[in-house]
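Note that chain A is present in both complexes that follow, paired respectively with chain B and with chain C.
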Partner chain A sequence: MSVATPALPVPRRWWTARRRGYLLAFLFIAPALVNFLVFRYLPILAALRSSLWQYSLLGGYGEFIGLAAYRRMLEDPIFWTSLRVTALYVLLKVPAQVALSLLFAVLLQRETRFAAVVRSAVFAPVVASIVVVSVIWALMYHVQLGLLNSILTSLGLPRIAFLSNPRLALVAIVVMMVWKELGFSMIILMAGLKGIPEMFYEAARIDGASPWQQFRAITLPLLRRVLMFVLVTQTIFSFQVFVPVYTMTRGGPLDATKVIVYYIYQNGFLFQDMGYAAAISMVTLAILLVVSGVQMRLLRSEVEY
Partner chain B sequence: MWVRVWGGLTVLIVAVVAGALVASTVLPVRASPRQAEAPAAAGGAVAQAARPRVVLKFLTITDDAQINAWKAILQEFRTIEGGKWAHVDLAFESVPFQDLFPKIESAVAAGAQMDLVQSDGPDMKHYAFYRSLVPLGRYFTPEELKQWLPQSVEEGSFRGVLYGPPMMQSCSLMMYNRQMTDAAGIKPPTTLGRSWTMRQALTAWQKTTRRPAGSSVPTVWGLRWGQGTWVGDYEHGIFRRSNGAKGSKTFQGMGPDGVTFVGYFDTPEAIEAMQFYQDLHRRYRVTPIEPIPQIFETRKAAFMVTPDNRIGELNRLYGEGKFPWGVTGIPYFKTQLCHTGSWHYGISPNTRHLEEAVAFVKFASSDAGARIWYKHVRQLPANVNLLNSLPEYRPGGRQHMWFEAMQRIGVPRIQTPGYTEYQQVFAEVALNIIAGADVAQQMKAGARRIEGLLAKYRGWNR
Partner chain C sequence: MSSGRVAEARAVLPVRWGAGAAAVLARWARGAGREWWWYLTGVVILVLYVTPFAWMILGSLRREVEIFEYTYPLTWRTFVPVQWTLKNFLDVLGLSPEGRAFGLNFGRALAVTAFVSAAVVLSSLVVNTMGAYFFARLDFPRKEALLLVVIATMLIPFEAVMVPLYIVVRALGVQDTVWALILPWYASPFVIFALVQFFKEIPRELDEAAIIDGASFFGVLRHVIVPNAVPGLVTTALLEFQFIWNLFYWPLIAVGRKELQTIQVAIAQQTTQTQIYWGRIFAGSVLASVPIILLFLLMQRYYVRGVVLSGVKG
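On to the complex of A and B.
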């Protein structure tokens, strides 16, 4: 006869492998999280707070004004002008840059010496200082002293006031910025191209697909996620354009290049109105979130490989 | 295992950082060879050994002549009082003129360790209003205040307290390239009383503008109105004020409360003057729409409206007296005027070296410091003793007209704590006018905008 001994309850271990894994994951992301909290989210909260008060850098916080700065924005024609100029800048620059970088990425993806040299040449402006680049391009654009106008006159063409003509100034900045940032998006797209398995192209070639058909049916669909990344980041970067405007035109002529970030700078640092500048920043943030969200939604890819 | 590795790395990093902090606190700092040599060269080795080196951070505009002047003043400063200040050095942070104001503002607001700032005269009240400068009244006796021209003391003061002594005074006249005026057969007036009106001057500017055959762009322009490449109030603000009779609202440029601009900035006379300003650029095309750096110095302009600091620059570039310059009165509409006032020294409230900063500022603005400054910059001194001792400012001297003009036609720029905001909007309006905008609309919108921005200062002078 045997007597059944009751099983002793096994103490549940709190420090499980799963929890250790969570902690480890948290420790790994902790530095980035702290960075985001301290340098991204806290300033956003601070800006939100500043937008509700009368606030200037030198004068500090004045009286609480609630949403008055936001109401003022609605009636501020320069705010709307700057928003329009920024939108125009984004619409001119982003499609041009994405299209050109895609073209360069496709053309230069082959591992030849020539392609490597051209890749380096296209990427070089990315690492150059934006201030230096802006100053040099401003000189190149100068109506009397500039290189571009020297070329035009040597060809018997009239001089063009690139930066002092309200119709051309923004386009001139867009051209410079596309040249400056083309290499960055090109490199990202090239990485995306390298991730597309070669077998798709081989199969397409066997089926007699032309290069253009391969590009349309294979490259574009499979590059959609990378394209979305480039499009979203370039839209965000373009919305934040400041240095070339500050260096080359100061928002002029006739507000033709007064982008939103320059207007924020002007209010915050030149007009002693940091509260209003913070309010415009918050609206800009909201616009960017909406635009990025719409872009991500539109470009969501169903294709996986 | 990863947790242990991570924990170990954390402990290691903390230990290294803590060790470095302890080491840097306990161990003496070794001076670099340059640091050790510089004061000795100045002859203050004993004092240097007794006091730790102090580097005064100095925020200035980008100007080689001025930086050279401060370096020379520093060398002298180190030797005074038996080498008491031999441990002091200067570190310059220089920015273009139009960037100076936001730079000072953000440096003060951020608590950046800045000791000295170079401040434009009309901005002194703005900085004083916001307590962005240390009041210096207690460091200067009434006798010491008399060493400068009274206009300069007033400009560097706020509510009767001195916030910064002057570096120099100023008044803009019209310099010209004698070779170019001779070639065009022009004899500019040599006395202030016979100065040209704007219309008379226009003829001279048109005659000296040189366009190669078949080109619409001149190789030599008749005029550059103002220093640098910006369109600040100092020179460009003269246009509209000059088109008003003395005492008129146009001449005053701003209401007596310091915040009203509608009815002062945008009067019909002011608009008429700025229309002429636009015409100079676009209709008569005697001055470039896109500014050209050093246009007068590089012989691309025949006339230039400027203070006499241009002489220092010309001497630096061509050698003393080598450039064939002449000077005539500033052109005018109804009332001839030049804006007075110039740069002042200021001490940041964030300074940790107040004693050294005050001593340097006192020396730099004294007779001895002002003399060194003048040698390099060559602009009308604010220091009375120096001014009286310079033969070029005596009657018959080559720079006498600047001194005479400052006294006879000199008026301060508008006095308001909102000068910085005003000037930014004015410059934007001026640039828009140059770009071809409707002048009346720009002036009226500008006046309203300035008033809106300056509303926060209402009651400042009560």
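On to the complex of A and C.
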């Protein structure tokens, strides 16, 4: 744009009907943008600042400490434990959930009333809150009075201390979370299944392909994009698990369920160390953004059928 | 494949439910050799999913000593109360002397949660609808860049930035107020993105006709877009309501005052005490989950569409 000469009535030329339209249009998006800037982007800047300067809730910001909080993280064995526990949780939960939800989706795809009832039942825990589900499961897992141990005993098996055994606690949480969130991925996979043209299956049946062969040759390859999507979003989602750890184990026994978001909470709100909590948040954010970046690349490179 | 036989069964039994049941039975009997495993699997899945809820609901309707008394051996009495009672509900709602002695007031927690959820849904309906209208219809330089800002917002991991969000909300001075529960969620990138998809399906000719008739942007939004996007708006409102109703981590840290405790926080708090009252946990869980599950069952069609949209396209 050229520089306006003082002789010209600048405002009138600049303020055109089109610009007025732009301003009116912008008013429609402005409230949402303010929300995103203040409550989604600003926290990231705040976390960066709180991790580089001394910070406490009551004292506010103090002197510049640079990367001290991040160096502390490197030497903090519990931070590494929490990363390991989180990775283990994701590696146990996501493949199990995706495989089972694919199985459920294929099984329950039929247009019968019974299939619809089962589908609704599988989806009910998705709608119920994670607090309710985890609290009820904590009681089901109870070593003396839980329903699961009542079942085990009636089968002549010994009772199991699901949540107080360091080797079992994380698995117990994984089982519960797969049970809870399976319905969500099942519905998405079902939508994907519906998108596969029926004629492929007809052609395969004419060629004498068995159901398993049809699944391998048609369903899996054509569902790959949706499967990939579910896999990556569930990974990002599961990496941030917090509530079941809070309600069921509090990170114990022996840090066996101390996932990263619980460790952030613990530092920020139980140890009153907001600066360190912010630093761990930043690292978690960075890890998850890398995963998201990989996701975008994978999804874009997939060819649609 | 079996529609002929279904019609046959329907002719015999004109009542719709009877016909459905007869058709299921007939199909079951016919396919028993080939299909029995499918029904068996379905029944097993059903049992796995219904049992915890049945245990919770029936457990909330019996005295606590009964829950413990009938844990062993496993019989139908493990589930079904001997003496039905609403005592647990009276306790958690603070309507019994014991409930009052413990300072329990789940009624207030439910009211707070309902108020906050309704407020967010309402503001979301206004703000996100306007935002989606902007992206779907209005003219603006570098609109794609703005859309990218919205999409990038969806990539910010949610639970991982709760502590930083708390730092911001504290800086704004609204922590420990009802605003802290509403303000961060009054707009949502997911809802905007979903609504843009719905709005794009409305033919542009309708807008143009309205503009020729002298309608403003707002007039078009009100009289053309909104009436034609009711299913989309219902879907996103439902998902948003469920999201806020079930939120736990944020209300846990954002407010400390008991008067502003949401139902989820109130339930979780019951598990942290030295003595855990099972009956009260069951009753609180029923109050928090049964309404929302019923809402889902009633509005299932919208719900599933919303999940698919946020899943496949988001």
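Heads up, the rule we're going with is that the second predicted complex is superposed on the first by the 254 of 305 C-alpha atoms of A that agree within 3 Å, B and C clash if a C-alpha of one lies under 4 Å from a C-alpha of the other, contacts with A are read in each partner's own complex, and residues count from 1 in each chain.
Convention: a residue touches a chain if its C-beta (ideal position, glycine included) is under 8 Å from a C-beta of that chain, and two chains touch if they have at least 3 such contacts.
In this text, all values refer to a predicted model and were calculated from it rather than measured experimentally.
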Overlay on chain A: chain C relative to chain B, clash or fit
clash
Contact-wise, after the overlay, does A:158 reach chain B, chain C, both or neither (first, second, both, neither)?
first
Report for A:252: first if it touches chain B alone, second if chain C alone, otherwise both or neither.
first
Pick one for A:266: touches chain B only (first), chain C only (second), both, or neither.
first
Under the stated touch criterion, which partner chain does A:217 make contact with: chain B (first), chain C (second), both, or neither?
neither
Touch test for A:290: chain B only (first), chain C only (second), both, or neither?
neither
Tell me which touches more residues of chain A here: chain C or chain B.
C
I'd like to know which partner A:40 touches here: chain B for first, chain C for second, both or neither.
second
Examine A:91 and indicate which partner it touches, taking first as chain B and second as chain C; both and neither are also allowed.
neither
First (chain B), second (chain C), both or neither: which does A:67 touch?
neither
Go through the superposed model and pick first if A:20 touches only chain B, second if only chain C, both, or neither.
first
With both structures aligned on chain A, tell me which stretch of chain C collides with chain B: 39-47, 57-65 or 273-281.
273-281
Using the superposition described at the top, list the residues of chain A that contact chain B and also contact chain C.
24, 28, 57, 144-145, 153, 265, 269
Could you please specify the touching residues of chain A with respect to chain C in the complex?
21-22, 24-26, 28-29, 31-33, 35-36, 38-44, 46-47, 50, 55, 57, 104, 107-108, 112-115, 117-118, 120-133, 135-140, 144-147, 150-151, 153-154, 179, 184, 187-188, 191-192, 226, 229-230, 233, 236, 239-243, 246-247, 260-261, 264-265, 268-269, 274, 277-278, 281, 284-285, 288-289, 292
In their shared complex, chain A is touched by residues of chain C numbered 20, 24, 27, 38-39, 41-42, 45-46, 48-53, 55-56, 67-68, 71-74, 78, 127-128, 130-131, 133-135, 138-141, 146, 149-150, 153, 155-172, 183-187, 189, 192, 217, 221, 242, 245-246, 248-249, 252-253, 264, 267-268, 270-271, 278, 281-282, 285, 288-289, 292-293, 295-297, 300, 303-304, 307-308, 311-312
Report the residues of chain B in contact with chain A in the complex, numbered from low to high.
2-3, 6, 98, 101-102, 105-106, 108-109, 130-132, 215-217, 288-290, 292, 420-421, 424, 428, 431-432, 434-437, 453, 456
Would you pull the chain A residues touching chain B in the complex into a rising list?
20, 23-24, 27-28, 54, 56-59, 142-145, 153, 158-159, 161, 163-164, 166, 250-255, 265-266, 269-273
